[in-house]
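To keep things simple, chains are lettered A, B, C and D as they appear, and every chain counts its residues starting from 1.
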Amino acid sequence: MIEGGPEPAIPPAWEPYRQGDSISGVAIRDVRVILTAPEGIRLVVVKVETTEPGLYGLGCATFTQRPLAVKTAIEEYLRPFLIGRDVHDIEDIWQASFVSSYWRSGPVLNNAMSGVDMALWDIKGKIANLPVYQLLGGKTREAAEVYVHASGPEPAAVEEHCRELMVEGFRYLRCQVAVAGYSTYGVSGRTKDRHYRVSIDTRQERWSPEAYVRRVPELFEHLRSALGPEVELLHDIHERVPPIHAIRLASELDPYRLFFLEDPFAPEDNGYFRQLRQHSVTPIAMGELYVNQAEYVPLIQQRLIDFIRVHISDIGGITPARKLAALCEWFGVRTAWHGPGDVSPVGHAANLALDLSSSNFGIQEYSFIGERSREVFPGTPEVRDGAMWSNEQSGLGIDLDEALAARYPYPEHPVNGAWPEVRRVDGGVQKP
Amino acid sequence: MIEGGPEPAIPPAWEPYRQGDSISGVAIRDVRVILTAPEGIRLVVVKVETTEPGLYGLGCATFTQRPLAVKTAIEEYLRPFLIGRDVHDIEDIWQASFVSSYWRSGPVLNNAMSGVDMALWDIKGKIANLPVYQLLGGKTREAAEVYVHASGPEPAAVEEHCRELMVEGFRYLRCQVAVAGYSTYGVSGRTKDRHYRVSIDTRQERWSPEAYVRRVPELFEHLRSALGPEVELLHDIHERVPPIHAIRLASELDPYRLFFLEDPFAPEDNGYFRQLRQHSVTPIAMGELYVNQAEYVPLIQQRLIDFIRVHISDIGGITPARKLAALCEWFGVRTAWHGPGDVSPVGHAANLALDLSSSNFGIQEYSFIGERSREVFPGTPEVRDGAMWSNEQSGLGIDLDEALAARYPYPEHPVNGAWPEVRRVDGGVQKP
Amino acid sequence: MIEGGPEPAIPPAWEPYRQGDSISGVAIRDVRVILTAPEGIRLVVVKVETTEPGLYGLGCATFTQRPLAVKTAIEEYLRPFLIGRDVHDIEDIWQASFVSSYWRSGPVLNNAMSGVDMALWDIKGKIANLPVYQLLGGKTREAAEVYVHASGPEPAAVEEHCRELMVEGFRYLRCQVAVAGYSTYGVSGRTKDRHYRVSIDTRQERWSPEAYVRRVPELFEHLRSALGPEVELLHDIHERVPPIHAIRLASELDPYRLFFLEDPFAPEDNGYFRQLRQHSVTPIAMGELYVNQAEYVPLIQQRLIDFIRVHISDIGGITPARKLAALCEWFGVRTAWHGPGDVSPVGHAANLALDLSSSNFGIQEYSFIGERSREVFPGTPEVRDGAMWSNEQSGLGIDLDEALAARYPYPEHPVNGAWPEVRRVDGGVQKP
Amino acid sequence: MIEGGPEPAIPPAWEPYRQGDSISGVAIRDVRVILTAPEGIRLVVVKVETTEPGLYGLGCATFTQRPLAVKTAIEEYLRPFLIGRDVHDIEDIWQASFVSSYWRSGPVLNNAMSGVDMALWDIKGKIANLPVYQLLGGKTREAAEVYVHASGPEPAAVEEHCRELMVEGFRYLRCQVAVAGYSTYGVSGRTKDRHYRVSIDTRQERWSPEAYVRRVPELFEHLRSALGPEVELLHDIHERVPPIHAIRLASELDPYRLFFLEDPFAPEDNGYFRQLRQHSVTPIAMGELYVNQAEYVPLIQQRLIDFIRVHISDIGGITPARKLAALCEWFGVRTAWHGPGDVSPVGHAANLALDLSSSNFGIQEYSFIGERSREVFPGTPEVRDGAMWSNEQSGLGIDLDEALAARYPYPEHPVNGAWPEVRRVDGGVQKP
């Protein structure tokens, strides 16, 4: 109060907010981390158990390069922070968790939060007896169209792979081709038998951005000519070239009418999107590596990308992702959530809940989910007719057979699943 | 297909999306419009009835200056367009309705859509057996702090009114003072007895922007000195001055630390916000007249306002408002949804559902709701301790006694409730 | 090769780069994590041991809110990734580690990398038999002037605290004052006895941004009048107010000529700096929470802050920090590395190495380091005459008594050191 | 102090910083300038001698058009300014020297400072017993890939020259072709015998920008067709055309996939880069003429160039160059330090130290260093397999045989080595 001023009649606020006691009658009883690798990829799944017998939820916290750090973050920090809180307070729990570490917005902590967040949406859906997509506004489309991955050592082999996928009903194909003498992202993992073959190891790989950017237009020249104008073709640069090369490549791919071009720049080179826009009319999908809103909000706000493609668990779960979808809708940007092999089936179910309920849904990436995974995760969304379909069960509609999951421990690996060390011909580190 | 190219194997898409058939088993059976004016203000409420006996929802479509046009829009156009659709498809129904008129984004059609949209959220909450705020992410705060209106012919009278309100527990007061010789927005409706006294009529009122902008600083000089630094004071320019006057006024009010200054410009003068920001550090709340995203998205994206204060039914209901809240959160803007007398109690309940579930909630405007209204609308949110509280019932938690509502028909009025005709001293039209 | 083109004579590159074998003859033999809490604050220190007997380095990886997640990241991922590499390849190791997790730029992984990075600089200095500041370009000043923390329940008490500190030779004082009825950052930790008293616990604290911003100008009105114009006063907003309040506060503090104002906005509200600059000429120091270059590069590039104040371990160690100092120098921005109690003495030594060697050094934050810490960390930099001095030993000049460190295990804490849960009066989460 | 206020207790700062006394015990004893021209190019080398017997360093200060002015600047001004200072204080000495002339940032003074700066880094490396690249962060690649110069009177002759160079292992070729009837930069100096043949004389040369820009695309049409897509081709405009011509040329060269295009504009025309970017996706390398940060910082910050190609001695030595490399890294720009015949072998060694230690190294320009030079400068970096390799000696790893150097005095020259006077067909001066 200012010295000598009048006595203000300012009324006191009401009593402090509840401190972790549950209001709805259903509280978080435990937060558990389940590690499993049915297909050899290190998955992290969170199970939030409640005070209501039999009521629990599942969330994806898969950071396959650093899974144990996520596990520690959950078990040592989020678990004690959250036990006893009302399961319904999803938004509040997200915000309180976000600032509870003070430093924030990184992949370990975001994945940890995602595991809890998706599980709480799963629980809310079960309490409501509704699929999560219904809580998010209901279905805006019957199913979510997916794109799948075609690759091969030569354009003709990629074409053959495409034809196989088209016969199976896929209309959106992400195509990658080998570059002779160099490792190439997305090519080794040929997926004919539908078991994702792990291409990540610790060998140092050699890479030439220049050879790659010369090679890619040849691929699409071949594919567009061979497959006709109707099939939707996509390509992923995977951030592996200097910015000006990505700009050139986008420009050179314009004639082939890609559905979109993925991840032209590393996150650290976001500042080049404006120049890319000046040189190309190819739609741009971006963001599987984003973990911080400073990375993606400006791009959307400035309308420099056409599809947001973040990995939902890496930004913190459904809660931030649905707000991000809303942000994008105001700016005419569509969604294309990251859906590779290192999204657990729970994460795919979360992607699908957003896909179905978002007016500005664009496309869903899909990596084939093997039979082992489907056994471990009953209720895994099915893909047919080129689209992913909800099983219409309440919550995320997915379960976890813990006993079976335990039969697939993490594979032995010298550096525990680190991303391969890609280097240029002179030995310099290549992102990523 | 490229001339002479090979036959592409592009697979057909699946069968077209359902055309109005219900998937969940609960469909829209009827859409009805109820007109009532318990306090003399022309309210428009929509009741969506479903194929499930006893299951219905309520929405606010109140456009008190053009209520019958809204009624016509609903009954003649939305009703036949929507009957038979799945009650769960809120997002889809909003989008389909939005473009069904081709020309869109105006107050008549937005209010019509809002009536349906809020009703569908109400229904979804009832199906889930959860309050709507739970569907939107859960409670982020115990209750929604409100601001109320104080006014008087002289600063001392405003002070007296403030003191009365403070005794009742209000900590946020919007203060308006009369300008001798001129009509002044917000002053005539002294509300001691809690029955909103209608200040709107069709007489032409005279107005002087110059007299007004001289008067207002005197009011806050008095109030801040008399009431001390702690009570939060607000003021509404109500778009009634030329832009440069609003800029000057904002600057002159800086020393009095307003919680916010409302609606400095008419929507047509949005382009002046950048200049206002250069001259004042007073928080700005804006937007009760906005009906089009071209009006509000740029202001938020450029961080030129601090509070978004749209009238939710005037932008189309909860569906766009929750996305707008998300948009604002990315840019550090808080919500202050419009909550005047011409929001029906159903609309207040919708405001509250958003207030409670939004992390970036700022404040809620509140106009006293009289006893007659509370009888017509059982479950109307209560205000105590300076905040609005949920009654914790499922859906929006509010009902409508149709028989009682019918007892309060629209009052006779020469021009059916048109906004008062305000003119400058020379007879020129003054906005608004 | 393009079909039918001529045979290019492009010569092959040389043989692939070494794969983890040491060239200099000194390789990383082990990477160990030491946890200790001599003053009750959870410190994380990394010890990199080499193939050279007796040669090792120390680095700070302290993320006191999530220390065990950092420990896991180092032990499970960085350790196997780095063993056998040449200790001299600091830049290469940083880049390879950065992308080895694919997702990156968060506080857990950055701290893990910092622990290794500082230790490698320490080792390089020992090999060179030079203090690290010499490797970084040599001494640009005799010692690094520091600012320390003064606080109290009332302005007069803060003044008293300031006078005590001034008698001890401090010329730069960060001053915080209590706000009656609310928790206030920086006030509880009165440090007269030089043992940092931990103010962080799990109680929910109440906070009013409005009360705080009214209070602070009173403090500086008092201090500037009482202490005269010469002493340098600083203040930390600690990101705890809405952006427009921070802008107002900066403007209102202009007359008191602060040396700088710290952290006006949360990282998510970086977009407001441009507006702050329009309203205030108070120097701005920013960034203890930054973990991602998308957060800080644009601010520097646009010259919107005057001091960069990141927490060096939270951006990844000396390697990125020295480049950040260089970036700042091109834009006239000075350094003010974060130096609170949750920087280990090793981290303080790293701060000092940069302080001494950077032409654009501004000031160094300093929190008193207690006797127990100095015993556990022999060689901890000393502060006298208001500045921090190098002990002129090679490397970082600091050691760790592991046996003694083991006597100070982490304190018991319900949520393992989470940041306190601060909430507004209505219960909403307050950052941070 | 405020009138009547209390006596402030502001403590005095400590005693002034040392004024030239050495702390490390090793001081600058003398600064000597050695002039020599083993290949006919006027080189300027600085030798800093220390108080430690036998300990000295070498730096390149070669400004071949104004060598005696550099010599005077060093001997008359830097030498007395620096004698007695601690050899370790490289950063401090650079800053103090920089402002010691008050007017600064020109090639004479920058070269003078570079001579001292490189010598001090050389000394520091010797004291540390480490190559300078180790002080700068260690090796990020095995060796530095180089580009060399191919030229000829006709495209076919350039092709032949290229093939010879490719056989020798070079993968990056800068190609220049003669324009009939006009002098052309870079063409006369055919270098088969590896003795740089001096192309610079004082005769006035005639030049036609129009003829040149017509000619260059023909060259690359020929080369790309003849040599295939894999070899990396470069071209240097050498600032010899009006800006809009350079923009057109960049655009016309897009199909030939240059590795980069050098120096499109004179420094005075920096303002055209934004337009160039709108018209071309060819990577741009810029900057051999820059001497002032106002010339290069904005280009980098706006990401308008892809390679920074300053002449290190012309910006002041390793100290500013390493900060410039850091600046570039934040913005995705790579390094391509100027490496022509008028860089002394000492300067090449300094380039190499930065090349090896910079993550954002791009390419190194290399002009063949003749046998005479290698005798005068023992330890000159070797080029094999298309890359420049460190000799792994401490410091810059290079020495100077002063007696031998004295045998190669500056050649007689009417205007002492002035840059050739190039004029347009009408006699107007052509830059540069």
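Assume a contact is a pair of C-beta atoms (placed from the backbone, for glycine too) under 8 Å apart; a residue touches a chain by one contact, two chains touch by 3 or more.
From a predicted model like this one, the values you see are computed outputs, not experimental measurements.
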Exercise for review: Please report how far chain B has to rotate so that its Cα atoms sit on those of chain C, a copy of the same sequence, as a value between 0 and 180° in steps of 5.
Suggested key: 90
Point to revise | Euclidean distance of C-alpha centroids - chain B vs chain C, Å | key: 45
Practice item. Round to the nearest whole Å and give the separation of the Cα centres of chain B and chain D. Key: 65
Check your understanding: Between chain A and chain C, what is the gap in Å from one C-alpha centre to the other?
Key -> 31
Practice item. Compute the distance, rounded to whole Å, between the mean C-alpha positions of chain A and chain B. Key: 36
Point to revise | Sequence positions of chain A contacting 2 or more other chains | key: 2, 13, 17-18, 92, 95, 268, 293, 425-427, 429
Point to revise | Arrangement of touching chains [line / ring / star / complete / other] | key: other
Study note, to complete from the structure: Pairwise, the chains that touch are A-B, A-C, A-D, B-C, C-D
Practice item. Quick one: which bits of chain A touch chain C in the complex? Just the residue numbers, please. Key: 2, 13, 16-19, 63, 65-66, 68-73, 76-77, 80-81, 92, 95-96, 99-110, 203-204, 206, 218, 267-268, 270, 289, 291-295, 311, 314, 414-416, 418-419, 421-423, 425-427, 429, 431-432
Point to revise | Contact footprint of chain A on chain B as seen in their complex | key: 1-2, 5-11, 13-14, 17-18, 23-24, 86, 88-93, 95, 124, 127-130, 134-143, 163, 166-167, 169-171, 225-231, 293, 297, 301, 319, 322-323, 326-327, 329-331, 357-359, 385-387
Review point. In the complex of these two chains, what residues of chain A are touching chain D?
Key: 210-211, 214, 242-245, 247-248, 251, 265-266, 268-269, 271-272, 275, 278-279, 424-429
Exercise for review: Note which residues of chain D are touching chain A in the complex, please.
Suggested key: 140-145, 229-230, 232, 254, 257, 259, 277-278, 281-284, 303, 306, 330-332, 334, 359, 361, 387
